[in-house]
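Just dropping this structure here.
By letter and in written order, the chains are A, B, C and D; residue numbering begins at 1 in each of them.
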Amino acid sequence: MEKASEIEQEVIEIRRDFHAHPELGWLEMRTSALIAERLSELGYKVITGKKVCKEGTRMGVPDQKELDAHFHEIITKEKDNRSFSITEEMKEGYTGVIGILPCGQGPELVFRFDIDALPIKETAKESHVPVQKGFRSQYDGIMHACGHDCHAAIGLGVAKILTEVKKDLHGTIKLIFQPAEEGTRGASGIVEAGHLDNTDYFVAAHVSSPYEGMDTEWIPGSFGALATTKYTMIFTGKSAHAGRAPEDGRNAVLAAAHAAIGVTGISRHSEGMSRVNVGSIHGGTGRNIVADKAILTMEVRGETTKINEYMSKRACEVCKAAAAMEGCSCKIIKDGYAPSQISDDKLVSRIAYLVNREYPAYTIKEPLQVKNLDSEDVGFMMNQVQKQGGEATYMRFITNMKAPQHTSKFDVDEEVLKKGIVIFSAIAAEILGGLTQ
Amino acid sequence: MEKASEIEQEVIEIRRDFHAHPELGWLEMRTSALIAERLSELGYKVITGKKVCKEGTRMGVPDQKELDAHFHEIITKEKDNRSFSITEEMKEGYTGVIGILPCGQGPELVFRFDIDALPIKETAKESHVPVQKGFRSQYDGIMHACGHDCHAAIGLGVAKILTEVKKDLHGTIKLIFQPAEEGTRGASGIVEAGHLDNTDYFVAAHVSSPYEGMDTEWIPGSFGALATTKYTMIFTGKSAHAGRAPEDGRNAVLAAAHAAIGVTGISRHSEGMSRVNVGSIHGGTGRNIVADKAILTMEVRGETTKINEYMSKRACEVCKAAAAMEGCSCKIIKDGYAPSQISDDKLVSRIAYLVNREYPAYTIKEPLQVKNLDSEDVGFMMNQVQKQGGEATYMRFITNMKAPQHTSKFDVDEEVLKKGIVIFSAIAAEILGGLTQ
Amino acid sequence: MEKASEIEQEVIEIRRDFHAHPELGWLEMRTSALIAERLSELGYKVITGKKVCKEGTRMGVPDQKELDAHFHEIITKEKDNRSFSITEEMKEGYTGVIGILPCGQGPELVFRFDIDALPIKETAKESHVPVQKGFRSQYDGIMHACGHDCHAAIGLGVAKILTEVKKDLHGTIKLIFQPAEEGTRGASGIVEAGHLDNTDYFVAAHVSSPYEGMDTEWIPGSFGALATTKYTMIFTGKSAHAGRAPEDGRNAVLAAAHAAIGVTGISRHSEGMSRVNVGSIHGGTGRNIVADKAILTMEVRGETTKINEYMSKRACEVCKAAAAMEGCSCKIIKDGYAPSQISDDKLVSRIAYLVNREYPAYTIKEPLQVKNLDSEDVGFMMNQVQKQGGEATYMRFITNMKAPQHTSKFDVDEEVLKKGIVIFSAIAAEILGGLTQ
Amino acid sequence: MEKASEIEQEVIEIRRDFHAHPELGWLEMRTSALIAERLSELGYKVITGKKVCKEGTRMGVPDQKELDAHFHEIITKEKDNRSFSITEEMKEGYTGVIGILPCGQGPELVFRFDIDALPIKETAKESHVPVQKGFRSQYDGIMHACGHDCHAAIGLGVAKILTEVKKDLHGTIKLIFQPAEEGTRGASGIVEAGHLDNTDYFVAAHVSSPYEGMDTEWIPGSFGALATTKYTMIFTGKSAHAGRAPEDGRNAVLAAAHAAIGVTGISRHSEGMSRVNVGSIHGGTGRNIVADKAILTMEVRGETTKINEYMSKRACEVCKAAAAMEGCSCKIIKDGYAPSQISDDKLVSRIAYLVNREYPAYTIKEPLQVKNLDSEDVGFMMNQVQKQGGEATYMRFITNMKAPQHTSKFDVDEEVLKKGIVIFSAIAAEILGGLTQ
């Protein structure tokens, strides 16, 4: 706790810097470069670029033009010409950083922090704290509206503290700063690269608003989460003049419309909740042209991985057939995927007991686990660890939010940073302390 | 004209008998038996049964159960146990009759009369002439609401007169009493059996209500008609309990609904008018069961055969794909088909001139041809004749109707019978008279 | 147990008689007459006709023509001209019987037995026990395929036993023989008539196939059940000839198709499971006529009454708007409704303990309650009782079925009859025994 | 002809300047300024700004931001700082110019030239003549791909010649340089401003590719054209998180999809051809957000104004109802409208005879009029003139095109400029020559 207090101000500065420079998934070049730099300074073995996410496994990567444009924006907007070691691989969208701190013999403990932002324009109102204090987003239309700036800052705070207590730890610390959590695109590539293959304990966390009826500072576990798959469906038809030769056209806008309606009506699964949403539709050009192109972005979700797979399979069938109805074709792009997840009761209880004992200021009330109705690709990592016999949990750090996540006035109480650092550090001390296990 | 007057009363009786005993397409057993009997008496060579429509070519034939039920109804309802020579083949739905009158060397002249009725319940109101005069339909739910009873009666009247003037004719007379014109199901099988292969002149006619702005007794030709194809689309899915296991079902009702909407939206052809109509939809059983069966009846039409073929092709594609959207299959049954048609100007003018000269009472005004927005499978026969260099026309006999065709109060002025007989007979005398050609 | 054994054969005969004469909801004339007769003989106060279900509250009643036809069938098919006191009110569809046995001061205990059958044609295969033993359905297309014949027979068995132990009971017994459970149409009218207004304890039961992994003879409670609403949606447009004047038509088939697809795509509720099913669609006549009438039967369900109401509201909105899309109107008929339900833990445990102690042969394994994914209008009664502070439960009697419920080969092991009688009777003895409470 | 040859090179330069600076409808600021300047120099009375199109009558005007951006682009891209008198009203989108040349007593003769370009990116290939000769579009994504640059240049050529022959003319010449013909947005406002209220003769023309089987240099008239209405349909729903609270959302993307499918299926009119096309659809943001906004651009067309009105009415009904299906609202914006049109036979023949006689090099073959399957808002002007008893025609100047109109490689043979000037000038000489009428 003392150590956390010492670095609290520094971590707040880091968080504000990240907040002012939010980067979308696979574009976290500046963020990754700064994290890598910091971890290096602290003595971590640092992994970046193609070694973080296996080539060919990243989903929903922006095209190179967008990648270049963002790099250009970073350079242009950086005050004082502060320099970064943004690598060539980062410029290609290979973002994310892994820091490893070997502490001798013992279990491998992985902490995961996600680092990407959202395509939301941050409010410019004076009442908004980041405006008052001068750390509002400098990148127009991009915002850390989900709190990943805090996660990244907590991760760097934890990184520092762990180096200070290194001598008391026995095992391996691995800090994963994951790109592209939004859209559930980044985790699977890290798993596929093998970074979780020897993990004994895995802990991740998210800032969260208070739960109704639960006066608690944090929650050590969660279960459920909806498994999800994200798609882009590209419908291609044939353009024609709508007045002169409509019979020559094959209307991609209509194909996409049939698909949107069709997927929404997929018969639901009796074993639990499911979701389907067509988030956007874009197609066609001139009013008098039969459209030859239309694009849907959509997602399905399921209370279990099985239900999600049922929804996915049907969604793909419907889109293919809807295209055929209009004589069009449909290309299916899988942009993201996350399974459902369950925290291990044993690990949850152990962490709860530990923090209760060591830091009673961080009140915790039953239940120790909450149901998660969002989707999170942390499930990939948790499932991988559990498959090998390891234990995993996904915690919540409660903080008062000014507005809901994913909205333009979202803001947190920065006290959550210290809380996060304290709890993560305590877990490391407990798990690698060599005594209690 | 005199001869026609002599037999007018007899023909009226025949028409009333047909009207009282209306028979749907392929069920014209009683009608066919009576026509065959009459033509035999008059000395015609008579063709019935499988020799009329080639086996395997009939579209939309009722199943044997329905055929048997109708035969039973005929027997049951016939007053005085009047006997018919309804043949075994007729009982299988091989209805229709062809009568041939060889008159020596000369061209082959074909007259076509259609004989089937409609599934409409005839009104029982006292104001309806068939009720007043006692010849309302005795078969419940079936009615001669399109005037084919008149066509058949005219055909028998013409048959009689031609035998009386046979010595003045040079060539061959062929009278085709066609089954199943409704639904455009009967003509193609007759053509495929070869009955139009040596035809030089072809004439058919339909009773018609007066055309707006045209004070005319008859019209010697028509052009256009919409080519059409009739379909039954059978969607098969998989039933399941809608509460307990909806994911196991594949909903045929939804497949049919997507198909109905999809075909209605087929992009129209720039070269002319088209139509598409889903006439009926039936599917599903219990409210809590995912339906495994649904049936659409539909039709497409086109101003030209080419447009109709475009519409047909797209309709079939749409139905197949709509089935696939719901994981169902679609069986396509073609129930009827008719091409578009054009009367020959030369024949039309010749007939117009002839009737004008011989029977000036039958006023005729320009234009000599009218556009036909209905569909008629007579086009099959006309096209076949014209393909071989013959001439063909499709005439209109104008009559005041009490209500529109295909409605329950439809009725004609019986004067149209004499008019029809006079004009057909005059045409035979002109074409086979051996002088003017 | 002994008493039950004594009457077992008699109850089997009753069940087989009901099985051979299955009657659809609101048509249970013969069944009601026999039940009323039997209860009278046993000395119960008997309520029938309009006093059972309040006038104006019955949902989904067949029209009088259907009612008359069924009465005619009963009379026609009854062997030996066995006579029934089918009352005039029963002939109007006021079926159902309530028997009251006053046993002095004490609580009111209600048992409910449902008595209606399903529109399913019973198999005629020799392997089917009712065929072998001569009690296959004599009413074509109607079948007791859900076991309500057993429920009614158990009810009459319980009725007899209770009269024999009457002296030991303190309170009021009310046996409700409910009509029209299928389609969830009958219960609400009985509640609205006030029959549950003074009830302290309420018990109902259903025969059930074994639950996976649970080797148990019966289950004393259930929770959940999906709340449900049943609808008939009638779309009215305007007919027109599809070739000559399609613009004059307003296509009810298309309106129904849009509605079917639209309701299927209602956005689901985050608080729990929901269902929607369009069970059937019927519309249109001739292929060349724009259809002016189409009918959908559909149902929605929800894990809670709130979710079901959300689904209902949206379904009605969608159908109205779908009609408007095609210039049609939509009439909404509510054919059935059932809320969700929860058995009282306290009553469930009490019954479980009791049967365990008295009749250990009737094995019972945890859990004492099972989740109910069906819909049942018993919820109306249970909710009413619980609202007033009473306790209610809905039990399962396990029996090996030859085929699933609602299928043509469904059959039960008749041992379930004795089991049901024993358990119901034991409950009465416990609740009105005056000692244990 | 000689005069036309003299100015041919000058007109080619004008056309190339317009081609290099294409401007979309209501943005023709530079074009209008140059035309106004030129007409002034030639001595015409010039009308610009709000006097051209009546305020409140312009359809589909870009918002002021877009207007400003275009003005900025003009200024920025103009070489040599060439100055224009772009007025404040033009900057508000009041483009278009009318030039009046009073020539004493006599009829009023109106020529109309349209001046706007299309949102198409011109090819940069070397084979494209405008690339070779250096007059490719300088405004990215905008292109004169329909030949209106030629029309405007022809108009200025004609303007010059008429001043030279002014002394031989008797009456009033009015040259209308119409904005926003694409999307059929500009003509009605000019009519509503009264500029056609005293017109005796009206002539317009379009460059055209050769007609199949017709070896003709030009065609003096056209008939038909499809009446059309252009719409933007804005669907507004309610956004919600698709995972956490889908029931709170009202999905505008689905509303738009239902609308797109619904309008495509509007039952067609029996009196003639019709069209409907949903050209584009855009809606929604994030994949996990229920979309609260979606926009369709669409158009309907009809062979007659009546058919178009039927289609328009139904399209609006469908969109309103489709919105209601999803609990959304629909705002309907009418972006353009054009009636059908018919050239006057008498005027067509007179012009044909005249050109044949005077300029036999300009071959003309029967038919004198061609059917027009496009839509053109010139119909507004023609109908207005004809309503008052005047005569109107819409001509075609045939030219070999390198690629179809509305495509990126479209280009004309510049000889068409001289041909156009000759024919328009001849018509003026004929009509106002004071001799033949």
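We take it that a residue touches a chain if its C-beta (ideal position, glycine included) is under 8 Å from a C-beta of that chain, and two chains touch if they have at least 3 such contacts.
Only a predicted model underlies this, so the values are computations on that prediction, with no experimental measurement involved.
Student: Going by C-alpha centroids, which chain is farthest from chain D? Tell me that one.
Tutor: The chain lying farthest from chain D is C.
Student: Of the chain pairs A-B and B-D, which one is connected by the greater count of C-beta contacts?
Tutor: By the number of C-beta pairs in contact, the winner is A-B.
Student: Distance-wise, how many Å sit between the C-alpha centres of chain B and chain D, to the nearest whole number?
Tutor: Going by mean C-alpha positions, chain B sits 50 Å from chain D.
Student: Could you put a whole-Å number on the gap between the CA centroids of chain A and chain D?
Tutor: 51
Student: Whole-Å distance, chain A centre to chain B centre, using C-alpha means?
Tutor: 69
Student: Which parts of chain D, given as residue numbers and ranges, touch two or more other chains?
Tutor: Where chain D meets two or more other chains at a single residue, that happens at 243-244, 246, 251, 254, 258, 261, 264-265, 267-268, 270, 275, 290, 373.
Student: What residues of chain D sit close enough to touch chain A in their complex?
Tutor: Contact set of chain D toward chain A: 118-119, 183, 226, 228, 230, 241-244, 246, 251, 253-254, 256-258, 260-261, 264, 275, 277-291, 294, 297-299, 301, 335, 373-375, 406.
Student: In the complex of these two chains, what residues of chain D are touching chain C?
Tutor: Where chain D meets chain C, its residues are 243-247, 249, 251, 254, 258, 262, 265, 267-271, 290, 310, 314, 317-318, 320-325, 327.
Student: Which chain D residues qualify as touching chain B in the complex?
Tutor: Within the complex, chain D contacts chain B at residues 261, 264-265, 267-268, 270, 272-275, 373.
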